[in-house]
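These are the structures in question, set out in turn.
The following pair of complexes shares a single chain, subunit A, combined with subunit B in the former and subunit C in the latter.
== the complex of A and B ==
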């Protein structure tokens, strides 16, 4: 192939790369520095409210993975169902959030944690004691619950960390600038 | 004395850094020149079409996320459109606009990956890729904000979208719309005239108009060959007839043209998002649809233009809560059929440049 003024395209490309050299880094050092996740994050767990749940099992019927297992027994005193067992196998759960959407009594929430690696498969099974909202250990996410979403911290957006100034097209000025600065300093001395 | 020569058979993949998933090519080589190629796929087969027959119509949406996993929103969109067509469900105005914005953002995000990967294959090892990933990250941030996850969004629902946009979405979108054209210009500056890229991709892997049409190729690969065919225009779905946009086409049908078409389409997508953002009305985002949709007996086919090409969902209903049959017309699989013709005659170093320019996602090829 024939190219007129060979090398111009590469030089142009290099100017962009060089400009990036002078920019602030956009990456964050993950385990030490954590960014806020979305307020609607669908984390790796489900959170269940003992008080609100009526044992209707809509969630278990909605789950297409069959991850929710629920057992109830009738309570003849107050004409309600006692939830004997509420178990979610997060190994099967794909965190789709459809069960949260389906719960008619606002008793099911997505969690906010995302570091859920476990050593054994059976540790992935959440019992109702682990996922109780009332225990106050776990922070429910705002997925489908705007009130909870408002209480969570604002999501860190990359778009807000990169300023307009940094996005301006690259120019080959920095070199001349540094030169003038140096010469100015030398003149002072 | 004569040297005895015989064709050399080389297995590329299934796990090769350039195959974008698990894909194997049995390549027959004569020296460095490819004389024959046989694609071997199926390593990522999960039986999604069969799995879908046992699920409710709503429960299939998370499965469609896993088809073309780098453009999950588009898959959601295609699927819900076909169910709505079958069941005759009307979608609120605001939801339509939100869907279009999401689909176009997804198109940009997907093209960014493909362009980055394509440049990787041309030898610009990971530098442009990281630039493009930075911009994609901004889009992923937006998706995370609305849907709660970064890759498998599961955002669209039969009859609308799952939730309305959060209040911080539109300001962030405006910022993105202001920044993105600058970024695209920057990529052009970085690469458009780069001699190495031109030498590697101009005139390489020419897909002629006839071959493209005979092979039912769709998407940027078809438009790169100079055929003006975009389903958003040819058979407008959703509300695409309300927007003004151009369909960029290439002329030669080589790798470079396909790359340019994608870059231009990103600009057009930005135009569509801008218009949609201005016209977007207030109102509900979801119609009341029964929890278990039961469409009447019948069959339907709805297709949309995804970043890969024409994605179609063929649904057959027997009034039960799950479809009787679902067939997915995956653009990647059909675009794959012309790969052999493109590759034969080129050197082994060009093989992946051509492969990358066609843009295949294995999740969609195997389903």
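== the complex of A and C ==
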């Protein structure tokens, strides 16, 4: 005579739900509370450095969607090309990041924005003034640039909020990362 | 026994049983108490909806509604206003009168249960009704008629199927429910809810643990709460009997659902948890104990609802007829023997005895009952 089905499973399940009642919920309320994205996020925009860009148009050639349009004119005084027009239609952009990887002068970065929905297709077109790195408004992502990635805040994972065991190493890690960041800067110098 | 207690002259003239400090006699008492009961039920139902949604959310690692007012406490109010403003749609082929009457017939008996529930010492519309338990069990099942009318009047097969399931569940679970109350009545020696509360120097949950479990489960099955909510199983039959209801009529059914949960919590408090009795509080504030116990019971109902998956219809029937009914009958007989054999005032002896009986019966009963195992046994 085996005694198996006397409600032990019910008691187990009830203990699981009561544990969840006492835990922090696994959700964040989006517009007010934002999670840190991945440091290597490929956001819905490009960021372009006016100083580093030489107008070689490698990015435009690499882009298989034809989203990048670039026009240059020769500047005979400085013996270089002036970029007259640098325009990205993010409606065509598939955020593959090939242009960033192709740029030989490290002048192009992926952005960190992910809220780029617009009402009109025209508004999706980025002019070079919108995407200037030197303006300092937009944060370049760490995609393809490990030094930038090291400086960005660590990605928040919701699992760390509900499991207490993983909380402590998560708090420890940023310190070690700042160290590696410093060493990276030191290596540069 | 019932007949000897039932003094017909006294029943007609309720004024004699009322506490003398009520001004104006019966009708004032009736007016004041009806107003209090209706308002209390509505407010408690809103509190219940809030507790259920927030508690269930937290148990499922969500937050639950938290936007309307501080901590989302006005969410039930906002829902009520939304539902009131919605269009009332009646199907073309519906039986109009039945369709219209069904929410009322479901709601009124639920409200009538609170007429006999004692909120405090002598605090109820008819707390000393000497057939209180009979009244409660009789009135409590009338809501099913309203539900069945809703299912029939909607002229929708899902509605009818849900209503039929409800009727089947109520018919099956009424028997273990009443038999488990009968053992409480044996211990208290009275059918009056007021006297049952006063008889609980020890809460009857300690003296009758098995009856408490059976009453809780059968009650949950009767008022369609999860895991027995087959009548409104969303994944099988759209929304059960209230598929074709919208607007205010739907709000009535929603209200009935929670008012029934409130009534069941109040009855469990009265029968098993000592009602308004409790330490520390002065006599005029003992209703706070009652409300606190009602909330605790309802929290356990939310807890089980969150935890347990829905049973199948054959499991629902089998659980009642093969498990709860034999156990409640054996428990009733055991209680009757204890009441006869044990001398007066030996309630403390009954606690270990009844806990042993409960454990042995559940172990043996569970060995004979297996829920389905894939076979459909209707």
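Brief remarks follow.
Going forward, the second predicted complex is superposed on the first by the 137 of 189 C-alpha atoms of A that agree within 3 Å, B and C clash if a C-alpha of one lies under 4 Å from a C-alpha of the other, contacts with A are read in each partner's own complex, and residues count from 1 in each chain.
Convention: a residue touches a chain if its C-beta (ideal position, glycine included) is under 8 Å from a C-beta of that chain, and two chains touch if they have at least 3 such contacts.
What you see is a predicted model; the values in this text were computed from it and never measured.
Touch criterion not met for A:138: it reaches neither subunit B nor subunit C. When the two structures are aligned on the shared chain, A:25 is found in touch with subunit C, with no touch to subunit B. Contact with both subunit B and subunit C is seen for A:7 once the two complexes are overlaid on the shared chain.
By the touch criterion defined above, A:16 reaches both subunit B and subunit C. With both complexes placed on chain A, subunit A has more residues touched by B than by the other of subunit B and subunit C. Common to the subunit B-facing and subunit C-facing surfaces of subunit A are residues 1, 3, 6-7, 10, 13, 16-17, 20, 26, 162. The touching residues of subunit C, counted against subunit A in their complex, run 55, 57-63, 303-304, 306-308, 362-363, 366-367, 369-371. Contact residues on subunit A toward subunit C in their complex (touch as defined above): 1-7, 10, 13-14, 16-18, 20-21, 23, 25-27, 29, 162. Every residue of subunit A that touches subunit B in the complex is listed here, in rising order: 1, 3, 6-10, 12-13, 15-17, 20, 26, 37-42, 62, 64, 94-98, 101-102, 110, 141, 143-144, 149, 154-155, 157-160, 162, 164, 167-170.
Those residues of subunit B whose C-beta lies close enough to touch subunit A in the complex are 55-56, 58-59, 61-62, 127, 131, 134, 137-138, 141, 144-149, 152, 154, 162-163, 166, 168, 172, 175-176, 178-179, 182-183, 185-186, 189-199, 202-203, 291.
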